[in-house]
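Chain nomenclature is as follows: A, B, C and D, assigned in order of appearance, with residue numbering initiated at 1 for each chain independently.
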Amino acid sequence: MTEFEPKIVAFVCNWCTYAGADLTGTSRIKYAQNVKIIRFPCTGRIDFMLLLKAFSEGADGIIVSGCHPNDCHYTSGNFHARRRWITFRGLLDLMGIDVRRIQYSWVSAAEGAKWADVVNSTVTTIRELGPYTDYAKVANYLEKEANV
Amino acid sequence: MSKIGVFICHCGENISATVDVEKVAEAAGKLEGVEFSTDYKYMCSDPGQTIIKQMIKEKGLTGVVVAACSPRMHEPTFRKACAEAGMNQYMCEMANLREHCSWVHDKSDATTQKAIDIVRTLVEKVKHNKPLQPIKVPITKKALVIGGGIAGIQASLDIANAGHQVILVEKDPSIGGHMSQLSETFPTLDCSQCILTPRMVEVAQHPNITLLTYAELEKLEGSIGSFKATIRKKAKSIDEKLCTGCGLCTTKCPNKKIPSEFNAGLGLRTAIYVPFPQAVPNKPVIDKENCTYYQKGKCKLCEKTCPTGAIRFDQEDELVEIQVGAVVAATGFNVMKTSEFPEYGYGKYKDVITGLQFERLASASGPTLGEIRRPSDGKIPEKIVFLACAGSRDPAKGKPYCSKICCMYTAKHAMLYQHKVHGGQSYVFYMDIRAAGKNYDEFTRRAIVEDEVNYIRGRVSKIYEENGKLIVKGVDTLLNAKPVEIEADMVVLASAGVANPGSEELAQKMHISYDAYNFFAEAHPKLKPVETNTAGIFLAGACQAPKDIPETVSQASGAAAKVAILFSQDELSRDPAIAVVNRCAPPLFSTCVGCFMCATACPYQAIGEELITDRQGNVIKRVAKVNPGLCQGCGTCVAFCRSKSIDIDGYTNEQMYSEVMALLNND
Amino acid sequence: MKIGFYPGCSLTGSSREYNESILAISKKAGIELVEINDWNCCGATAAHNLTKELSVSLPARNLALAEKDGMEELVVPCAACYNRLVMTQHELNENGGLKALIADKLQMPLKNNIKILNVLQFLEKYFVPRFEELIKYPLAYDVACYYGCLLVRPNKIMKDERWEDPMSMDSIMQKLGANALDWSFKTECCGAGFSVSKPEIVGELSGKIVRNAVDRGAKAIVVACPMCHSNLDMRRPAIESYLKRNVDVPVIYITEAIALAMGITSKEAGINRHFVPVNLTVNR
Amino acid sequence: MNKEDLSFKVKQATNVNVRECYQCGKCTAGCPLAEQMDLRPSVIMRMLQSGDEQDMDNVLRSYSIWLCLTCETCYSRCPMELDIPKIMDYLRQRSLVEGKVNSKARNIVSFHKSFLNTVERNGRLHEMGLILEYKMRSGKLLQDMTTAPGMFTRGKLSILPEHIKDKKSLSRLFKNQDKNSK
C-alpha cells in the first residue's frame, strides 16, 4: 500500500527562511518533497486567513517560518506575526484544527540544515496526524468572514 | 485574457538531472492562460534570454514565468531581459526549481510533479501581476565604515580615493585593530606596524574621510542609497581641539595598574591613556570605569597638569545622525581566552598564553620590547610549546570550524622564537598543517627544516604545573600514538578565532544575517562573498569569518569597489513592492474605514492620514495614506487591515490567495 | 531528619573508617542515615567490564529498593558506588528498552527519579550551612584535596562545572580552617580497580599523585573515595618502591577531617585503622 | 558500514560512530596507562575505522582493552565527545564472548570473575573470600601476604561474608543475561 503523502504549504519570509531554504539547496541537503514554498516579503505580511484558505483548499499541514526574534529584516514584522499567531491558535481550536498541523519556526539565511529538519519533522508529524478532512467547515467560515 | 510564457531551464544538469524538464514544459503548456512553454539548457545565457525576448514579441506575451534557479540569484537578469523586449519587468516571475526542488530531492516522478506544482503556482501569480514602475530614490554618496582595523582602513581609503565621502567609526580610542598588535607578519616576516601605521596616518589626513574614534553604531534605519545612521560618540572627557597630545596627563595619572587592552593584558596602562604610541588619533581618553575622579569624586590630577586645559570631566556621550548611501561592516574578530580551556588550567597558569599575547611579547613595541620573556617571572623560556587548533575544530568547545590563520601564525611564532632565543627548543602540536596560500607552505617548511621547530602531530590532553615547569601531556600520532611529555617553560595556545562580543546585537541593528557562531553571513557563499542579505551593506574582513591580512585587504577592496559601483549612479530604482490604500468610486472613495491599525503596525511610520474633501473643501472621509518614500514593503499593514483596504504591490492578497489555491489543486 | 543511605561493600570491610566517620558526624549533627533495606553490591568495575547487563541491573536493584523504602534522597559515600548508581540512573533514562528488561527481571517498580548525593554534595547540603555551630576545633594544616575520577567524570553526566580543577572539597576544607593547596593531580586516576590484580600499576599512578601533593607541601591528602584511599594508604609500600623514597603523608577521608574538627575522637572516627599513621591533631 | 564490521556492531551497542574520530590523539595523550598499552586508545579507534578483519581481531586480542581503568579522562576531553570507555566495555565483553582474552590480562579477568562470584554468592562483596578465590584462580598465592594481616588487625577483613536476605531476586539478575544488550 502507498503511504499517505501529506500536502504541506510553507509560508516563508524572503529574507531569512527563503534564503535559508536556498542554502539548503546550495548545500545539497535532501528533504521530503511534500512541502512547497510560497514567498512573502515578511512573516508580518502573512494574513492568517490565508492559512485557513490553505486548509480549505486541502492542505494537511502548514509551515510558517521567518527570521529569528530581533533578526527581522523589517525590524518587527516577525514579532507582529508571532503575536497574531498566538491569538490565531485560539481560532484553530475553535475550528477543531489540531494546532500541530501548523509548524511555526525560525530559520535564518545561514541555517540551511535547519530548514531540512523543519521540513522533515513537519512531514513526520503530519503523517502521524493523518490527512485533514474537515475543509468544508473552514470554507464555510471563510464564506461568513467574506460577507462580514 | 493573459498570455503567459513559461521558460524551463535545465541549468546544465543541475535541474534536468532530477527533474524531467520536458515533462514540466509540456504540463505548463496545458495550463489555462499559458500561451507558450519551452525548456532550454541555460536560460540565463544569451541565447536563452534571446528565446524569451523573441517569444514576448512573437506571441505578444503579457507575462513570463522563468522556471530556473532562485529569484535571489537571477530575478534581475530575467526582468531586465523582459524589459528589453518591451514588457513591464514586474510581469516576470521566477519559479525556483533548483534550490527548492532539483537540488534537494532525488530523481523521481514526485520531484517532477513538485516542479510542475511550483510552476503552476507562479503562473497563477503572474496572471494577477500588475505592471509597476520602479521607485527612483536618490543615492546619498557617502559611506559608513564600521570598524577601524585593517579591513575598515583599506575599505575607507579605497572609497575615499574613488572620490566619495567616508565616515569611519571605531569603538576604541585609536584605529589600527588587531593588526597594530601584531609583531611580524607571515610569510614575509615584515613588521606589522611598519606597513600599517602609514595607512593609519593616511586615513587621519584624507580629506574625504571623517574619523570618529571611541564611537559606536547606535541605530541604522532606511535602506540602500539612503540609510540614516545614529552614532554614539562616547565621551572621551577631552576637548580634542585643545589637546595637543603631549601626554603629560598620562604620566601624572595615579591609576597605573590597569591591564592594557593593546598589550592583551600583558602590560599596564593608566586611566587616562593613549592605547599605544603610534595611535591615531594620538590623543588620550579617560576610561571612566578606572578613573579615580569618576569613581571616588576626587583626583583631577590630569586636569591640573594639562597645559592647555583640555580635560572635560563634564563631557557626555553625544548622538550624531548621519545620512549614508552604503555601509561597510568591518568589525573584526576576537580570540578565545585561556580561561576557556579547563584541561589547560582554566587560565590559572600565567605562562600559558594566547597567540595574540605572544604577538605582544614578540613585538618591539610590546611590554618586553620584543624579547620573549614569560609573564610569571620574566625569564626567557628555554623550552616553549605551541598548540595549534586550541579550541578550533573542537565541537566539544562549540567551535567545529577551522580558524584558518593559526597554522601560519603558529609557524611564524615558533620561527620568531627560534630567531630571538638562540639554543631554545620549540615544539608545535598540530593536527594538520593548513598552509594553502602563496608562499605559505614554503614558510611552514622553513620553520621545520631551517629553524628546526619540532612539529608533533597530535593534540595535547593536559597542561599542569610541577616544580616550576609546565608539563605538557601530548601524543605523537605518527609514532604509533606514543605519549609525549614536555617540560615547558611557556605554552602558547593558538586559540580559536571567534566573533567579537556584541556582533550579534550589531547584526540585528543592521538587519543583516549572521551564522551560528555570530559571524556575519555573506549573501552567497560563492558569488556574493562581500554582499549581505541587506542591499547596500557590505562585509570586509574577519567579521565574516577568521581570515588573514591579505585576504582581509582583498575583501575590503572588494567591498569598497561595490560601494563605488553603487555610487556611480545618481539614483537607484527601488523595488515598487510597497503598500497602497485602495481607491474606489464615490461616495465610498475607499473601503478604508480609518481605523489606522495599519499605522500602528508599520515599523517605518510610513502611514499617515489623508482627508477626502468635497468641492467645498468639507472633509468627507479620513483614510490611511502610504508614504512611498518611507514604505519598505514588509506588508505587515496588509495582515492587520480588517477591511482589506490596504494591499502591497507584488504580494497582493489576490496574488497570494491564487498562489495558495494553485499550489494545492494539482489534480 | 532521616536520609537514605547506601554504604556499599567497601564501607563494611576495608573502608570501615569511612563508614564510622560519616555515621559519627551525622549522629553528632542529629542526622539519621537509614540504610537501604537488603541492599546489594553495585557490581563495581568487574560488572561493567564483563557484562553490560549486570553493570546496570545490580545498581538498579538498589535504586528500586530505595524507592520501596520511600527514600527521596540517597547518600552514597563510596565514589565508585556513586558513579555506578548515577550512570545506571542515566542509562535507564536514556535507554527505555533496557529499563523495561531490567524492571522485568527485578519484579519491582522502578521510577528511577531518586536524588543521588555523593559525600561532597551531602556535606554541602547538610553540614556546611551549620559549620558555625558544628565546627569546634579548626584543622589548621596544608592539605591536598584529591577527588579522583569517579566524582567528576564523565563530566557530561556528573556535571561538575569545574571538572578539571574541582573546588567543592577544597572549600569545605578551607571552612574547617585548613589551607587547601592548589595542585595538579586532583582528578588523576589512582589505579582504582587494579589494587589487587595490578599493584605495580597502582604504585606508579598513585605514586605520581602522592609525589605532587608532597612537593606542594601537603601535610595530608584528603579523599572521598574508598578505592583512592586504599590505593594511597594501604598500597603505600608499592608507592614508595615506585618513588624510591619513603613518604609518610597521611590520607584521610573528608568525613574524618570533619569528625576531628567537630571534636570527635580519632577512635570514634576510625582513624586508628589507617596503614599510614595519621598524626593530625586539633588543639582542644 | 558493513554489517559484519566490528565498527558497525560498536555503533549498535554503544551508539558511538567511530568514523567521527579524526585521530587527534587527545585520548591517548591523557590516558594514564597509554605507556603500558600495546594498542593505544587512538590506535584502537583507527583500527575500528579500518574495517579490516585482522585489525578487528587484534583489537579484541589486545591487552589494552583490559588495562583501561574507565577513568573517563579520554571521554571528558575528546573534542568529538566520543564515549571511548563505553567502547572499551563493549570490546572487553566481545573479547570474552569470542574467547580472545589477551594472555597478559588473565589475572585481571579472573579477579573480575572472582569478584562477581562472591557477589553472586552473597549479594555483597566479601573481600576475604574474593582474595582467596582470586588467589586460587590466578595462582598468585603469595601476593598480599604482607597487607592481608595488616587489614585483619585493623578490622578491615571479616572472616565471614555478609549475606543479603532476598537471594532469589539477585540470582534472577545473574541468570540468562542478554549477552549483547546495549
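Following the convention adopted for this analysis, contacts are C-beta pairs under 8 Å (C-beta built on N, C-alpha and C of every residue); 3 or more make two chains touch, one makes a residue touch a chain.
Everything numeric in this text was worked out from a predicted model, so none of it was measured.
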item: Of B-C and A-B, pair with higher C-beta contact tally; value: A-B
item: Chain A and chain B, separation of their C-alpha mean positions in angstrom; value: 29
item: Distance between chain centroids, defined by C-alpha means - chain B, chain C (Å); value: 52
item: Rounded Å distance between chain A and chain C, as computed from the means of their C-alpha atoms; value: 54
item: Junction residues of chain D - those touching two or more other chains; value: 73, 81
item: Where chain A touches two or more other chains, by residue; value: none
item: Shared interface positions of chain C, touching two or more other chains; value: 163
item: Chain pairs in mutual contact under the definition given at the outset; value: A-B, B-C, B-D, C-D
item: Sites on chain A touched by chain B in the complex; value: 5, 7, 9, 15-16, 18-19, 21-26, 28-31, 33, 36-42, 44-48, 50, 53-54, 57-59, 67, 70-77, 80-81, 84, 108-111, 116
item: Touching residues on chain D, where the partner in the complex is chain B; value: 22-31, 34-35, 40-43, 73, 77-81
item: Residues of chain B that touch chain A when the two form their complex; value: 70-73, 96, 98-100, 103-106, 108, 110-111, 113-114, 117-118, 121, 507-508, 511, 513-516, 521, 524-525, 533-534, 577, 601, 603-604, 632-636, 638-640, 648, 650-651, 653, 656-657, 659-661, 663-665
item: Contact footprint of chain C on chain D as seen in their complex; value: 13, 32-33, 36, 66-67, 69-73, 75-76, 81, 83, 85, 89-90, 92-93, 96, 107-109, 111-113, 115-116, 119, 123-127, 130-131, 134, 138, 143-144, 146-147, 150-151, 154-158, 162, 164-166, 169-170, 172-174, 177-179, 181-182
item: Interface residues, chain B side, partner chain C - complex; value: 342-343, 345-346, 348, 462, 464-467, 471
